[in-house]
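Think of it as A, B and C in the order they're written, each chain with its own count starting at 1.
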Amino acid sequence: MKHIDEYRDSALVRPLVDELKNSLTRPVRLMEVCGTHTMSIFRSGIRTILPEGMEIVSGPGCPVCVTSASHMDVFIQMAELDHVRVAIFGDLFRVPGSNGSLANASSRGAKVDVVYSPMDGLELARKNPDDLVVFLGVGFETTTPGIGATILAAAREDIDNFCVFSTHKVIPGPLEALMGDPELKINALLCPGHVSAIIGAGAYQPLVDKFGLACVVAGFEPADLLKGLILLARQVSSGKPQVENIYPRVVSWEGNRRAQAMLEEIFEPVDMEWRGLGMLPRSGLAIRDKYARFDAEKRLDITVIKVEEPKGCLCGAILKGRNTPPECPLFKSRCTPAMPIGPCMVSSEGTCAAYYKYGQDS
Amino acid sequence: MSDKTILLDHGSGGLASQELIRSLFLKYLDNEVLRGLEDSAVLTNQAGNLVFTTDSYVVDPLFFPGGDIGKLAVHGTINDLAMRGGRPLCLSLGLILEEGLALDELEKIIISVAEASSSSGVPIVTGDTKVVPKGKADKCFINTSGIGLVDPALSLSSKNGKAGDVVILSGSMGDHGITIMTRRAGIALEGNLRSDTAPLHRLVERVLTGFPSAVRTFRDPTRGGVATTLNEIAEASGLCIELEEERLPIKAEVRAACEILGLEPLYLANEGKCLAVVDGEAADDIVSLMRDTDEGREAVIIGRLTAGKAGRVLINTPIGGARVVTPLHGEPLPRIC
Amino acid sequence: MCLAVPMKVEQVEGNPEDFTSEQLATVNLDGISKKVRLDVVDRWPEVGDYVIVHAGFAIHSLVEEEAKKNIELIKELASHMPEELLLGGDGS
């Protein structure tokens, strides 16, 4: 696989492992905020060769996992309506709301279709004219432009039985809010690779300016990850934080202007609730009035009822790196991978899920 | 046959049922025992321990590149017998059909069952057909049960693993699972993906003949994939299994489809492959023997059993790190995160 | 939410200026082919180019020089790392 295999090649990768050890002269406590980074760090086995003095904290980077229980409940509610068919990314299928998941709803007869692309959701609408197809929109800036394009396609073709429920979220604002927390002892940020393809590496400059945070945009293959960690270590050692881009084959400073324009055309910023973190201002995207016809929230006249966070859930603090899973009263007792409560356990590689599976050893 | 679809009458046991049996089942599956159309088949004068297994097949779609539900039903049950070292003797064929199923489709399935049965040398000696009203079943469900014979001296089991044993995989992984997954509407991908459904009893027989005491167990990694089966073996043996990521045999197109959909080949079903846990000393020779067979031509050593954390499966990654391979909780689904 | 793969463009349909045209590319990765949308790709690809595909959409067209630069940057050892290569267009 071209543009993938080269970055997995042992010849390229092995020297980087040593280089990482040599680059670390001051302690680095870095956060990664991309669910795919969480998965690829785990897959590559990097955690087991991380040098002493470098710590990786998993932040709120998996958009499925930070989908609030309130939103999950609405998703399930819609799926159970007659003549409604929900189309979802596979990631959403087992995420629990306050009372079960879409998988449970499906077993009770709700029409839930797993699709690869929102355009497949539009195709479902064409094939099932008697159903209203609702595409459950989750995802950061990597995904949202495609949902926007799908709405435009539906508009062009005048497809009446298709709409989107947007719980799409954005990265830069929430990151700034997170990094502004004085208790957060993070000195480096591994910036998401594909979100950055859309928003551009320049989006992280404010984090350098305001907080002196070391920032590196990196890809997902072992060589990309290792080099990203090396550059972060060097920035911390030199005391000269900046935004570095070690993923130039995909990411530029300005990002993808066409996709940004699509976001601007279809969506507008709104306050949105993040599981474990509460309501974050201007952290979500809502469909503009111009496209209200394709907005499930308006068409089905849905009111999102706020669900209380389960008492004791420490996800918020864990996502900020302030606490570890064993310090959460729900960990292992009420909150397990089979019955997860907060995003740290919902994500199969979230901090709590990882602790649960592997304990402290590797 | 005058009707073009399956009707409730076909499952009622009356004339319509008998017409179906004669014109379809006996036409393709004919053998001395089945021809008798008795309530049961009697198997005479067998020597050894009996191996007995059952499996049901509900795959959707019914037909896919590399096979169909009929082939799967024959091979799958033969393989379950073979994994315990059994020499398959015969199979039963139970069908539950949805009213309205096209007779053409049923005929294609039966022809496939017949071909798989005859080329494997394992006859269908008894069967049953039921028809349920439209909507109460998904087109066609098949159950096959199998009986085989096994040498009483042989006692293959997942519990037999010892530290130092080697894990062999008879060929590429994930082929069947990814083929079925990409036939689903909404997840369709074009490409040369094919199910690997195949009978393994001949491969097993050759290995056991050549190395009667070197094999601890065979297991076929079907649902849940190699990862789940290895976890079961590690648990049963009370040992740790260490895999080498770079040794895992995965076809290029399977790897590509998995990359696109966010799936892991280790968790995808295989229908024509087996894992063998064997004495480390004999491993290389066993691999050579396997490679000399059709079914095992891509056999490779993928890991070994160690005295590490009991029940754990680890994989050593190309960067020199490691990660734990946990068993599957539920069906693998495409992801975007 | 970042799972995306580089795939080779084999065919391109539609007109980047005309949004009523179906903007599609047929892409291939090791024998697996798919039609993906070009509505949000940054640069209109040509046959032979690689695009990064996420959820059925091309989100970026790869430029061969950038790919080469990426490998070089990763290979460069600490002492030889030219800082200008890493900083963005705005510089700092």
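In the analysis below, a contact is a pair of C-beta atoms (placed from the backbone, for glycine too) under 8 Å apart; a residue touches a chain by one contact, two chains touch by 3 or more.
Bear in mind that the values here come from a model prediction, so they are computed numbers and not experimental data.
Participant: Measuring between Cα centroids, what's the chain most distant from subunit C?
Facilitator: The most distant chain relative to subunit C turns out to be B.
Participant: Could you name the chain whose CA centroid falls nearest to the centroid of all protein CA atoms?
Facilitator: A
Participant: Going by the touch criterion at the top, tell me which pair is linked by more C-beta contacts: A-B or A-C.
Facilitator: A-C
Participant: Using mean CA coordinates as chain centres, what's the subunit B-subunit C distance in Å?
Facilitator: Centre-to-centre distance between subunit B and subunit C: 40 Å.
Participant: Roughly how far is subunit A from subunit B, going centre to centre by Cα mean, in whole Å?
Facilitator: The mean C-alpha positions of subunit A and subunit B differ by 37 Å.
Participant: When the centre of a chain is set as the mean of its C-alpha atoms, what distance in Å lies between subunit A and subunit C?
Facilitator: Roughly 21 Å separates the two chain centres.
Participant: Could you list the positions in subunit A whose residues touch two or more of the other chains?
Facilitator: 1, 4, 16, 35-36, 62-64, 89, 116, 120, 139, 143
Participant: Which positions in subunit C are in touch with at least two other chains?
Facilitator: Residues 1-3, 5, 29-30, 54-55 of subunit C each touch two or more of the other chains.
Participant: Counting only residues that touch at least 2 other chains, which ones in subunit B make the list?
Facilitator: Touching at least two other chains: 252, 255-256, 259-260, 262, 335-337.
Participant: Show which residues of subunit C lie in contact with subunit A when the two form their complex.
Facilitator: Spelled out, the residues of subunit C in touch with subunit A are 1-6, 8, 19-20, 29-30, 37, 39-42, 50, 52, 54-57, 59-60, 62-63, 66-67, 69-71, 73-75, 77-78, 86-90, 92.
Participant: Can you list the residues on subunit A that touch subunit B in the complex?
Facilitator: 1, 4, 8, 10, 13-14, 16-17, 35-36, 39, 42-49, 62-65, 87, 89-91, 93-94, 103, 113-116, 120-121, 123-124, 139, 143, 222, 226, 337-338, 347, 357-358, 361-362
Participant: Which stretch or stretches of subunit B touch subunit A in the complex?
Facilitator: Within the complex, subunit B touches subunit A at residues 184-187, 246, 252, 255-256, 259-262, 309, 315-324, 326, 329-330, 333-337.
Participant: For subunit B, which residues count as touching subunit C in their complex?
Facilitator: Of all residues in subunit B, those touching subunit C are 189-193, 252-253, 255-257, 259-260, 262, 335-337.
Participant: Mind listing the subunit A positions that touch subunit C in their complex?
Facilitator: Going by the criterion above, the answer is residues 1-4, 6-7, 12, 16, 19, 22-23, 34-37, 62-64, 89, 116-120, 138-140, 142-143, 145-146, 148-149, 152-153, 156, 192-195, 197-198, 200-202, 205, 208, 220, 223-224, 227, 230-231, 234, 242-250, 252-254, 256-259, 262.
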